[in-house]
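One chain, subunit A, links the two complexes that follow: it is found with subunit B in the first and with subunit C in the second.
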Partner chain A sequence: MEKILGKKQIDDWIAALSEWEILAPSVEDGIWAYRALSGAVRLDHSNTTQPPKGLSFPQREVFFSFEQIKGEPPRLTQKMPTATRRAVFGVRPCDGAGAVRMDMVFSDHVADPYYQTRRKNLAYVGLACNKPQGSNCFCLSVGGSPVATEGMDVLMTDLGDRYYVSAVTETGKALMAAAAKLFAAPTSVDKKLVERTHADAVAQPQRAVKNVDAVPAKLKASFKSPLWEELARACIGCGVCTFLCPTCHCFDINDESTGASPVKGNRVRTWDNCQFPDFTMHTSGHNPRESLGSRLRQRVSHKFQYFQENFGMPQCTGCGRCISECSVGIDIITTVNKVTEHAG
Partner chain B sequence: MPDNIYLPELARVVHIKEEVAGERSIKTFRIEPVNGEAFAHECGQCAMLSIFGRGEMMISIASSPLIKEYKQFSIMRVGRVSAAFHELQVGDVIGIRGPYGNSFPVDDWRGKNLFFIGGGCGLAPIWPVITTAVAQRDYFKKITVFYGGRSPRDIMYRAELEKLRGDVDLQLSVDKTEDGWNGYCGFVPANVMDKAPSADNAIAITCGPPIMIKFVIQNLHQLGFADEHIFTTIENKMKCGLGKCGRCNVGKDYVCTKGPVYSWAQLKGLPEEY
Partner chain C sequence: MINIQDMRDTARDLLTKNEVRAVIGYRRSSSGMNAEPVVITTPEQADELVWDPTCFHNLSLYLVEDRKFLAHTRNNPGRPIAIVAKGCDARAIVVLMQEHYFKREEVYIIGMSCEGSGVLVERKLAANGIQATNASFDGDDYVFTTAQGEKRLPAREIMADRCLECRIPYPREHNVVLGEDKTGRELAEPFAALKRFEERDAGERWIFWERQFDRCIRCFACRSVCPMCYCEECVVDSISFPVNAQTTAEEKANRVRWIERSAVRSENITYHLTRAMHLAGRCIDCNECERVCPVNIPLRLLNNKMEREAREQFGYEPGASIGAPALVASFLDNDPEKFIR
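For the complex of A and B:
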């Protein structure tokens, strides 16, 4: 289903989605993120600081609560997320691709019920990037595209005074059908314009990971390269690279106690981070990834080698956040290119 | 698998035995499900044990799958959760979820000589294999158990080991001898070389401190054991047990799903990240 929507009518479309909670980019304290919409929707932003992954995989969530009165068995109460349907407007193609990769992780081997409950109630109304949103965009070199529909339910393309709106999934069709009267059939001019806009978008220069298909084998051969320590030397281990990554899924599970007698509290999942030394440290003190270089190697190899070997695609979608937000200038494109170049 | 993969089942501690005292004390716990039946497991698999309010930890199941009534775990007091386990009393209720990981291919070893080589608390992960093999004694040829501790007081499962004599050739050792010790004195790899088992039609299964494993494997190579006939287990920090939390990987493999059991042929192809 392909339609035209006047830009001024997007708020009317959103108003018609009464069964959906609407999220859209907004700025708070200088940080762009997908938040509950208040007022008119703003899609004039570049990409958000935070990807939408927290909507399906929140930074902190309670698995269950426990209460144990002495002498009695513990009582466990599951805290499954409520199944609120949420439509997210303005998601960029790199983050749509990110969602697809998150979906793979959380359904592989066994399904994660917390993630799945949230994810199946999320609809992504994407916005194509007519030009790169920042100087560190590199989606094209990692198998993506600034106009890709991967992970989207709807993809909108900005045509100046109107959007070219394509339904990608059945959910996307339903979202559009909820306000069918607002949408017009595209004219042949619209169709030509969207084609040209997409062709121009793909032709825009971007930074690039060189020869991504050869990267997994070259990284494998570079496991012991001294470059890892050299390139990681400036790292302060803050972890912003993974916290802002649309595909980083590592987490911790801990008990947060709120009472000692009776024992009361919650078992909680929080995001964790492969750049932290205690991420892999054994109780004995032994740490398989003790050095900065080994942890940079893990982040890069997971994205470009291990995920490729396990799922057949790179885990990086080229959003560039880990580069733009790194306070010491560690650059995943440069890292991959340098290490693989030295692998011969 | 249950619908909620993170929700533990409740289990009652029915028996506690102090294996090893002192700074690195080890206790063995037997647990039974509070409701219904315990999950089935295979030799070498692990389970995530919880003490609510303290957290979870991944521990190898140290009882044979042939035992349905209870599951056994031997736990060294090292960190927050293991210390809480050491405070437990019989009758206390804990959480358990699992089983996780792959298993030793015991059925493939029928008709072969089995050599178990363990050190310290590394006896626990291979104990299910030893006891299963003994319970199915006719399926296997010679069974030999090499096992060593720092001192005679560090020998775990001492009484159970002694009961195996007759069914197995038991070769105990201690790093440092004390009065009353009649067995071998020296490190486990040296004891293996001393007895020099034949690699002919044989499988070697080893578990223990990394440094012990390193020398055991060197020695097994000298004795002519092929990489694919040497098995061991590896451990890494784990939180989920389901290949999602992202920390136990060795290269592309999460140890919690692809491990913990590896042949040396498999393991030598992986990066040393364990």
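For the complex of A and C:
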């Protein structure tokens, strides 16, 4: 289903989605993020500081609470997320691609019920990037596109005074059907214009990971390369790159106490981070990834080799956040290119 | 005005004569306008070095890293390591020496006077709609190279608050120094940002901080970038529990965790306030913690508050002199509290 929506009508469309909680990009305290919509929707964002990943994979997820009264069996109460239907407006194609990868991870072998409950109630209304959102965009070189529909339920393309709106999934069709009267059939002029807009978008110059198909084998051959330590020389070992990544999904599980008598608390999943020193700490005290170089290697190899081996595509979607937000200039594009070049 | 070539010549000379084993400095990054830290070890690399208003980083962090590496590998390199240091960075180096982290002769300080400038703030620049590939300072303005050609902005408009408020934009502690000493320059009143904030009432301030800490994602960039956060074991890491072959599973499970992994208000506040307390009398206001925060938490307000307390209560200025004792390791004869005397 492909339709035209006047820009002024977008708020009417949102108003018609009364069964949905609406999230859209907004700026607060200088930070762009997907927040519950209040007032008119704004889609003039470049990209949000954090991807929408946290909506299906929150930084903190309580699995169950527990209580142990002496002499009684422990009581466990599962805490499933509430099944609120949420529509997220303005998702960029790199983050849609990120959602596809997250879906693979959380349905592989075991379907994660917490992730799935949130995800199946989440609809992404994407916005194509007519031009790169930042100087470190590189989606084209990792198999993505600034106009890609993967992971989206709807993709909108800005045509100046109107949006070209394409339903990608059944959910997307239902979202559009909720306000069918607002949408018009595209004319042949609209169709030509969206084609040209998409062609222009794809033709915009971007930075690039060189020859991404050859990267996995070259990374595999570079496991012991001294380059890793050299490239990680300035790394401070913080968690910015992975906590802002649309596809990083590592987590830790802890019991957090809320009372001692009786013993009670929550079993909690929180994001974990391969750049932290305790990420690979063994119970023996031995740490196989003590150096910053080995941790950079892990992050890069997971994105471009291990994920490729497991799921047949690079995990990185080229959003560029880990580059732009790194305080010391660690650059995943340069890193991959240098290591693979060195591998010959 | 500093001639960049002088800094490069200094670094090249030191490496050629083998007087230092490496130079920690700045080079252009591969991903945009900013400089990035670099450690060079050969004279040829000296030409990579840059000096401009994006040299934000407090490179003394890498002296700490170097020290840790040497301790870990039980290496005694003999020769010092050189470092390019602004006034604030040099004060951080002095604090580290006050705390006996390394000795004076182990470091060769290439001091850089900020003169009339300072570092810019990327968010202030973005608010002006400028996407630049290069930044420089011409004595009054910051000059940017953009896709639309050269753009200029008065330096004061986008300079970091901490630079505007800086009293001593000059590295007093140095082996060699480039640029003039402009100590006493006043672009803004010291603690001006803090003073403005404190005009709000307590209830309003608490609501403000709740909102700030609620969005912390606990990436620990603020801790990781801080040269004073050199503890081998940090209170927030689960490795701070010492484990050996005799440690039982129960002991591991029941270890004390001061701060849980959950990024929730109580834990976030405990983390940030613990860090602020540990920086009292040590923080020299390089404000790297605030710069690197991906969610824009105004950490400088916390650190400035502690700095001003130390100054007003004890006349203490961190990083003023290597021979001076650390704030928490000293007392004043006229301290009003009897227990201390």
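In the analysis below, the second predicted complex is superposed on the first by the 344 of 344 C-alpha atoms of A that agree within 3 Å, B and C clash if a C-alpha of one lies under 4 Å from a C-alpha of the other, contacts with A are read in each partner's own complex, and residues count from 1 in each chain.
Heads up, the rule we're going with is that contacts are C-beta pairs under 8 Å (C-beta built on N, C-alpha and C of every residue); 3 or more make two chains touch, one makes a residue touch a chain.
If you're wondering where the values come from, they're calculated on a predicted model, not measured in any experiment.
J.: Quick check on the subunit A-based superposition: subunit B and subunit C, clash or fit?
T.: Superposition check on subunit A flags a clash between subunit B and subunit C.
J.: Can A:L76 be said to touch subunit B (first), subunit C (second), both, or neither?
T.: first
J.: Which holds for A:E19: it touches subunit B only (first), subunit C only (second), both, or neither?
T.: A:E19 contacts neither subunit B nor subunit C.
J.: Quick one: is A:D252 in contact with subunit B, with subunit C, with both, or with neither? Answer first, second, both or neither.
T.: After superposition on chain A, A:D252 lies in contact with both partners, subunit B and subunit C.
J.: For A:M281 in the superposed arrangement: first (subunit B), second (subunit C), both or neither?
T.: both
J.: Now for A:E195: first (subunit B), second (subunit C), both, or neither, which partner does it touch?
T.: So A:E195 meets neither subunit B nor subunit C here.
J.: Tell me which partner A:R233 touches in the superposition: subunit B (first), subunit C (second), both or neither.
T.: The second partner, subunit C, only.
J.: Quick one: is A:D11 in contact with subunit B, with subunit C, with both, or with neither? Answer first, second, both or neither.
T.: After superposing on A, A:D11 lies clear of both subunit B and subunit C.
J.: Under the stated touch criterion, which partner chain does A:V263 make contact with: subunit B (first), subunit C (second), both, or neither?
T.: It touches subunit B, and subunit C stays clear.
J.: Both subunit B and subunit C touch subunit A; at which residues?
T.: Residues common to the subunit A contacts of subunit C and of subunit B are 252, 254, 272, 281, 283-284, listed in rising order.
J.: Considering only the defined contacts, which subunit C positions touch subunit A in the complex?
T.: Residues of subunit C touching subunit A: 29-32, 34-39, 57, 61-62, 123, 131, 133, 211-212, 215, 217-221, 223-225, 237-239, 242-245, 252, 257, 260-264, 288, 291-292, 294-296.
J.: Report the residues of subunit A in contact with subunit B in the complex, numbered from low to high.
T.: 63-64, 66, 68, 73-74, 76, 78, 80, 105-106, 108-114, 223, 249-255, 257, 260, 263-265, 267, 269, 272, 274, 279-284, 286, 288-289, 294, 298, 301-302, 305-306, 309-310
J.: Contact residues on subunit B for subunit A in the complex?
T.: Listed in rising order, the residues are 1, 3-8, 10, 12, 34, 50, 52-56, 78-79, 82, 93, 95, 210, 235-237, 239-240, 242-252, 257, 271-274.
J.: Hey, which residues of subunit A end up touching subunit C in the complex?
T.: 29-31, 49-50, 59-60, 135-136, 207, 233-234, 236-240, 243-244, 252, 254, 256, 268, 270, 272-273, 276-278, 281, 283-285, 287, 323-329, 331, 333-334
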